[in-house]
Amino acid sequence: MGVRVQTADFDLSMEVAALTTGRTDIGAIVTFTGTVRGEANGQPIALMSLEHYPGMTEAELARVEAEALARWPLSASLIVHRVGDLKPGDNIVLVVAASAHRQMAFDAAAFLMDYLKTRAPFWKKETGADSAGHWVDARDSDGEAIARWSSTG
Amino acid sequence: MGVRVQTADFDLSMEVAALTTGRTDIGAIVTFTGTVRGEANGQPIALMSLEHYPGMTEAELARVEAEALARWPLSASLIVHRVGDLKPGDNIVLVVAASAHRQMAFDAAAFLMDYLKTRAPFWKKETGADSAGHWVDARDSDGEAIARWSSTG
Amino acid sequence: MTVEKAEMRLKILYFAWVREKTGRAFEEVDVPLGIATVADLVTWLKTRGPEFELAFARSDVIRAAIDQVHAKPTAEIANAREIAFFPPVTGG
Amino acid sequence: MTVEKAEMRLKILYFAWVREKTGRAFEEVDVPLGIATVADLVTWLKTRGPEFELAFARSDVIRAAIDQVHAKPTAEIANAREIAFFPPVTGG
């Protein structure tokens, strides 16, 4: 079970192998990779800068992961979130959830992403081709996504 | 959009890279990896043999993928299923769904797995430590999982 | 075997424990006239010997495909080229 | 700065556009007695200059954390070591 914040990219196969190699109790591994899209609101973006709150980020991600473990018998889980300057196509975030059965792995990965999007202290700033930067607004649908989980606890 | 049946293992990073490299319209990539568990019904297993129906397998997987594409605006998708003799811990199946937004990628990957488990013509035979082989029974929960999707079309 | 009535010649495939019980992966058979549906075909196959009677004893759990598409017991087999019998699938 | 009343000395952090508008990432401030809640602290911060008035103009959308845990405007700040202000999070 791990949580990392880093400027470096991550490799999907290596991260999954580190969690699962040598284990035979895992039947299902779900990964979510979030990447920088080349457009925002119809405008091309040149750069995506990610700022975070060191200390609180790790604490919040650990709390989110603990909540997931309280809900599902996860065999392994991992959250990696990048910070700094990213380009379109670059990886932003990786979530891995491994469990004995597929539905738990899917649910846990979706839960980790929903909580991460609404609670983890990261902020995105997009810079367009014209060098104008603006902070990304939180999407209402993220608040709705998190509301799903409150009735299933 | 691809469907492959193979005896060889697959590499998660390479498969995802082949689908997404150079693209900036993708924001979310969900992968599902199914692996051989070391126990079945409390008994250790030594070998998992996968048989399939060549021709129908590819046709059915292509139909399932087409149904997913009709439901969600997927940017890319892939199904890889292994056949032959596998050991505990080995990969069995890979599903990748890539979309602009995370909920669609999660839903499409779960849908592909549910349909694959109930329609794709694969059969598993487990061989225990005592060399006794038996065919895996279909789980009722797989039928229930597929029923979820019929009301959302 | 010579093909006298091409419309009655069928390729039949068996998978998993259906294959093990019939003792064959596939065969080409001349199906008599009057065999209209998948269920009719199962009934006729069971008359072909004890291994078929055994293989199709649990015919309620056996699934079928006509020309590589899942088919119900009531499905018509006219014009089919290949019919497969197998247990519920367990891949994924 | 000398510490006269340790219980009133707070580290305050600002992130994203709150940071840009206040012009600082963090500061140590001596908060007057009577500032009991996060909302009280925001009201007081806005009196410290036009950059704070501007930064907290949309105070309904600004979020806070006390000692690295999300906190409501009504949360008590007594015993807090560090308080952060930021827009709704947009990671993931």
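Structural remarks
Order as written gives the chain letters A, B, C and D; numbering starts at 1 within each chain.
The rule is short, and it goes like this: contacts are C-beta pairs under 8 Å (C-beta built on N, C-alpha and C of every residue); 3 or more make two chains touch, one makes a residue touch a chain.
All figures in this text were calculated on a predicted structure; none of them were measured in a lab.
Contact with chain A and chain C alike is made by B.
Centroid distances from chain A, each centroid being the mean of CA atoms, peak for C.
Chain A and chain B have Cα centroids lying 23 Å from one another.
Computed centre separation for the pair chain A/chain D is 27 angstrom, with centres defined by C-alpha atoms. Between chain B and chain D the centroid-to-centroid distance comes to 49 Å (mean Cα coordinates, whole Å). Chain geometry summary: the mean Cα position of chain C and that of chain D are 75 Å apart. Within chain D, contacts with two or more other chains are made by residues 92. Across the assembly, chain A contributes 34, 102, 113 as residues in contact with two or more other chains. Every pair of chains that touch is listed here: A-B, A-D, B-C.
Of all the residues in chain B, the ones that touch chain C in their complex are 34, 50-53, 55-56, 59-60, 81, 92-93, 113, 116-125, 135-138. Across the interface of their complex, chain A is touched by residues 13, 15-17, 65, 68-70, 84, 86-92 of chain D. By the touch criterion stated above, chain A contacts chain B in their complex at residues 11-14, 16, 20-39, 88-89, 100, 102-103, 105-106, 109-110, 113, 145.
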